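As written, the chain order gives the labels A, B and C, with residue 1 at the start of each chain.
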Amino acid sequence: MRQETIKALREIVGQEYCQVDKAIRRQHGYSEKAIPDVVVYPENSEQVARVVKAAIEEGCPVVPWGAGTMAWRGLLPLTGGVAINLTRMKKIIEYDYENQTAYVEAGISLKELQEVLVEHKLYWPVEPLEPDSCTLGGCIATNASGPSKLGYGDAKFHLLGLELVTPTGDIIDTGGKTVKNVQDYDNTRFLAGSWGSLGIVTKAMLKLRPLPEKEGTVLIVLKDLEAAAKAATTIRNETLPVALELLDAAAMGILARAGYKPNSSGVGVLARFTGFVEQVDVMIDYIKNKYQAAVTLDEEAAVAVWRARGQLFPTLAGERGAILINAAVPFTKMLEFLTKARTELDKSNIEAIMAAHFGNAQVHIMLAQAPEAYAEVEKMVNSLADLAGSLNGMLVVDNITDMTLARRWVESRGKAIFEIMRRLKTSIDPHQIMAPNSKVLAYVTRPVS
Amino acid sequence: MIDQATINELRNIVGKKNVDTSKISLDTYMYDAGLVYGNPEVIVFVENKQQIAQVLKLANSKKIPVTPRGNGMGVSGGAVANRGGIVLVMTRMNRILEIDVENRIAVVEPGVLNIDLQRAVAPYGLVYRPDPASQKVSTLGGNLGENAGGMVGIKYGVTKDHIVGAELVLPDGQFVQIGGKVEQIVPELNFNALLIGSEGTLGVVTEIYCKLSPASKAVKTMLTAYKTLEDAGRAVSAIIAHGIIPCTLELMDNNVIKAVEEWLHIGLPLQAGAVLLIEVDGWDAGLDRQAQQIIDICKEVGAIEISLAKNAQERDNLWMARRNAIGAMGRLRPNYDMEDATVPRTKLPQILKTVTKMAEKYNITIGMLAHAGDGNLHPLVLFDERDEDEMKRVHKIRHELFRTALDLGGTLSGEHGIGLGKLEFMTWAIKPEYLKFMRHERLAFDPNEILNGGKFVPETAA
Amino acid sequence: MVKKFSEIGEDICRCNRCGFCEEVCPTYRVTGEEYSLARGRNRLMRRSLEGVFDLTKEPEINHHIYSCLLCGNCVVACPSSVITDTMIKSARAAITAAKGTPFPIRMALHGVLAKQRRLTLGAKVLRFYQRSGARWLARHTGFLGLLGSMGKAEGVLPEIPERTLRDRLPQLLKKPAQAKGRVAYFAGCMMNNFFPDVAAATIRVLQTNDIEVIVPTSNCCGIPHEAYGEVEAQIKLAKENLDAFSREQYDAVITDCSTCAHGLHYYAELLEDDPKYGPLAKKFSAKVKDPAQYLVEVGYKQEMGEVRAKVTYHDPCHGVRGIKVKEQPRQILKSIPGIEFVELNESDWCCGGAGSYNVTHYDISRKILDRKMANFKKTGAEYLVTACPACLMQLGHGLDVHKLPAKAIHVMQLLDQAYQNLGSRSSSKAG
């Protein structure tokens, strides 16, 4: 990067908020080798826009950044350019609790946000992997979700509008403040999950939910996959859970290390209900009547088990790292997929656990194997992908740089999809600077390191 | 201008009897259910997706405008051929292709009526949640194009919350699948979000994947009356503030009440400034308490009348006013225009008051309907379209209505779409840079801008 | 008083193009074409009034004006209550006034339907056609294919009986010993010639209920003429019928043809401006009743034998929307011991018969009929009951071509059978 660009950046954000320190740059990169040239911490959207324009001048990429908790899943390695860290932009500009909306800057951490919202008995029902440290912008860019996406939907369902800094340095506002709004293309939902590839989300109008009157969690530990899958299917068909997870025996074993020790071993079905007292109670009673093994967890245990569920991956990964496989199949094929996948996984001696958002028919398979050593498991993963495909589903690996699997499914949309992506990207980002390492458009952006 | 060679090619694609250029036929395809007229040059009836692809490819090669049309129920000009060209009539593509009960997905052709899907899935204890008032006559293709709403929007969302994907034909005749029937876990752009509500500017859908939901087991219905619109607005706010999410929260003002009562004599309180139809649903347990909470809130706010339905028949009766609101107003003058503006919920009383003042100022009768929970207001403006002066005043009202909505932090359209009808207001609501952004999106799908060109996103200077 | 086409401006401007007629307009539902929809037809009429088109000179507009079933469903569904069917009739009158009617239709309307003896003669000729080898020949030599829509409609004709109703009156009419009332039975064209068994059943039912029945001379009610825009002819027939009936005394005018009932009931409006016939028509029309309507009103004997059957009911357009009879036939059916009654989905949708519509527009009529048959099939009923001979013909044709094991029957026939089964241990079915 030219010195004059660094100088220009310093002028925009201020000397102390323009960092070339290697350690800081490393925190904003994919690996030792793939790090940005500089990290800036803008104070407001206008500064972000000016940074983008400076990058256009320089001809270097920019990548928006929050706490970096999700980067390893959706970005490819990138060397050079500017990382734009939004964590200084964390104002809650307007908390209109009567309308159940909040207009918030993207850099706020979710924890801080929820703490303010709860003052008026509201909350933002999005569950990223790291529910405390993930920033709002991170949730939006990645379209974050957790087990409760079954009942509430992922992040995009809780956005009414966005402020975006475009790849040409303009500031635009999508959507608005109202729940019903068709005056623009739904760029609010479109940009959620775009991983910065079409612009930088700097503010968001959030749709909030009232805190439920009651929350209840039920855990059923059953003998095997079949029993558990049948129970989970029944729960999904006959009640209205807000979250419905299935953890295979191996995953249940990790659950203990992650912070919740179940009383028995076996395959676990975890269901959460929220709402009015009577509705929650009657549904939980319904389940307990059907399944003797079902236990209601008290508040403390419930918090622990859900947290542990969220920590399965880092617990398994430890220092060595782990490979995160993401699969989706039709709901009716879940048992078949889980059973056959387990058989496939058992053929190797690599520790593997399966945790499913069962209600969404989505399975996370985690392999105790460093992502760098993916080649060793590639064959097995491909078999799993073929299995998913044969069931009319799909399967990708979230945290590797190899895009072969992802490309396979995108291609099946029809090759015209690439033309559309290309036209879209080149017209919106004519200088090709905006997060070129985002996997979502990696099919059409120029090759990155 | 479409030449004879093109007509012949169209005939080859869909068959001679499905290509209509008669001036009489064309005349009947100039309009939709709104106020704008177009000038189609040829009507093409299609029966399958291959025909659509071929027609589009042909049109695209010659840069002929194409306007897809379902039942022509839209009110914003979505099905109006404003640039001549081809009207692509999709009404014959009306098959429900698949109902997958356990996976809770239905696959339908775009010409399927919303109500027909509802009826087809009801025996399985399932519903397709979006229930626009036009559901008996509007198609799912149209619902998708406009992101249609419905009365349960406040609790269950709108069309974009219940369509998980579609098969799309692009203007160049290629097929792409958008979204899909399983959880979308691949790193890619969410084109499904862009497609829904895109007003037919990105492609023509040939199959729609609809998410089905379990039907509610029980419902509690209340009709509550208030002295003033403000009181009704306060009731709405208070109910929501209590953490209750009703599945229906419909408001009608005094003009509507009077019109309905005069016609049907069902015992509505004529002195009421507004009535609110409220419903909560779910499992039976606790619904009584929620209903009681609502009743208490309404009493506190000063409701002058509260009726709680004790059975299905009574529920039907309480719904009569809402169901017949449009009909009741329609009887009063030769023409009516159902407008669509949305504001944040708490601003609803304010905009209702403003509209009342506008009606007085311009001497136009306006009855007010609102999906109060979403702040989505439907003023029913009455007039005689042959009266030029009255039309001018209606036009002024529209201007002021949307100006007010935007000033209150609202939007130009909650569910009816921009189309042609609100094109002139777009620059009030949307910055030039954003208009440009959206044009890029449109042109990424339709580089020749043949699909509903000139609608929705106004052309900005290059 | 019939509104002239030039006077319907106010009515037609009430159409907002809202499109809600699409839900219930059968021709739209089976074609998906805007010009086969109430809204589209209104558009064309309006454009004619505005001078953009001349509906008397555009064969296409003529076609669309005549493709309307006049079923009236749109009027009910319309939020603005636009009287589309009335306006269509005005349009047809305007077209007929300017162009006259096509020769075959003029022949049928004036030469046959307005002359009862010729009608009966024509029926006998048709009967001969049916019973001689002529029909077999026509069907198997492809001759019918040459006749277009009429050729296709050939199968709609029921088996024409040897004797008309009037032929049978001497044996049928029996004054009850203790007559509770006296009604004048109007013998419509179709009942008299094609379905005398139905008429006989109606008369027997009335007599069983101690009602004296007289059958004055009468001519066609005039509805077919109205349908073809021949308003003058309709008025002439109305006056003729009023003259015939005014010579008699009766409590009610009963006709088991819903179309005639509607037509006779309409005389009051048709002639309201006539100084002589206006008051006559008013008095007359007020007395016109459908038999089910009349029997429920005055009360009918509940002592009946059993008729074991699963039945459903199709509402004739002129019944449910014409004279507004809906509940009474159902009430009668449900009161017959042994009857299992199920509702028919879209029971009040036109069957596609619409008088002569199934002859002039066989293809589209058939699509509408197919929809009716699909609905009927779902009921699993063995009787498709109705109250109009045109519907009986069309529905019978539908059951036939769809090979459904069921029969189209008039509600009076079932009631008649129930009365006949009383005393006998038979629960034999009707017809």
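One rule holds in what follows: a residue touches a chain if its C-beta (ideal position, glycine included) is under 8 Å from a C-beta of that chain, and two chains touch if they have at least 3 such contacts.
The shown structure was predicted, so the numbers you read here are calculated from the model rather than taken from an experiment.
Student: If you take the mean of the Cα atoms for each chain, which one ends up farthest from chain C?
Tutor: Measuring from the centre of chain C, the most distant chain centre belongs to A.
Student: Compute per-chain Cα centres, compare each with the mean of all protein Cα atoms, and return the closest chain.
Tutor: B
Student: Could you put a whole-Å number on the gap between the CA centroids of chain A and chain B?
Tutor: 32
Student: How many Å are there between the centre of chain A and the centre of chain C, using C-alpha atoms for each centre?
Tutor: Distance between chain centres, rounded to whole Å: 66 Å.
Student: Report the inter-centroid distance (CA atoms only) between chain B and chain C in whole Å.
Tutor: Going by mean C-alpha positions, chain B sits 39 Å from chain C.
Student: Among the residues of chain C, pick out those that touch two or more other chains and give their numbers.
Tutor: none
Student: Where in chain A do residues touch two or more of the other chains?
Tutor: In chain A, no residue touches at least two other chains, as defined above.
Student: Give me the residue numbers in chain B that touch at least two other chains, ranges are fine.
Tutor: Where chain B is concerned, no single residue meets two or more other chains.
Student: In the complex, go through chain B and note every residue touching chain A.
Tutor: 100, 102-104, 146-147, 149, 153-154, 157-158, 160-161, 170, 172, 174-178, 181-191, 193-194, 196-198, 214, 237, 240-241, 243, 245, 282-283, 285-286, 289-290, 342-346, 371, 374-376, 409-418, 422, 426, 429-431, 433-434, 437-438, 440-445, 447, 457
Student: Inside the complex, what are the residues of chain C that reach chain B?
Tutor: 10, 13-14, 16-20, 22-23, 32-35, 40, 43-44, 47, 52-53, 58, 60-61, 64, 78-81
Student: Using the touch definition up top, name the residues of chain A that touch chain B in the complex.
Tutor: Residues 74, 96, 98-101, 121, 143, 153, 156-157, 166, 170-174, 176-190, 192-195, 197-198, 210-213, 237, 240, 275-279, 281-283, 326-332, 357, 360-362, 392-394, 396, 406, 409-410, 412-417, 420-421, 423-424, 427-428, 438-442.
Student: Which stretch or stretches of chain B touch chain C in the complex?
Tutor: It is residues 22, 24-25, 27-29, 31-34, 45, 71-73, 89, 91-92, 94, 111, 134, 136-137, 326-327, 330-331, 334-336, 384-386 of chain B that touch chain C.
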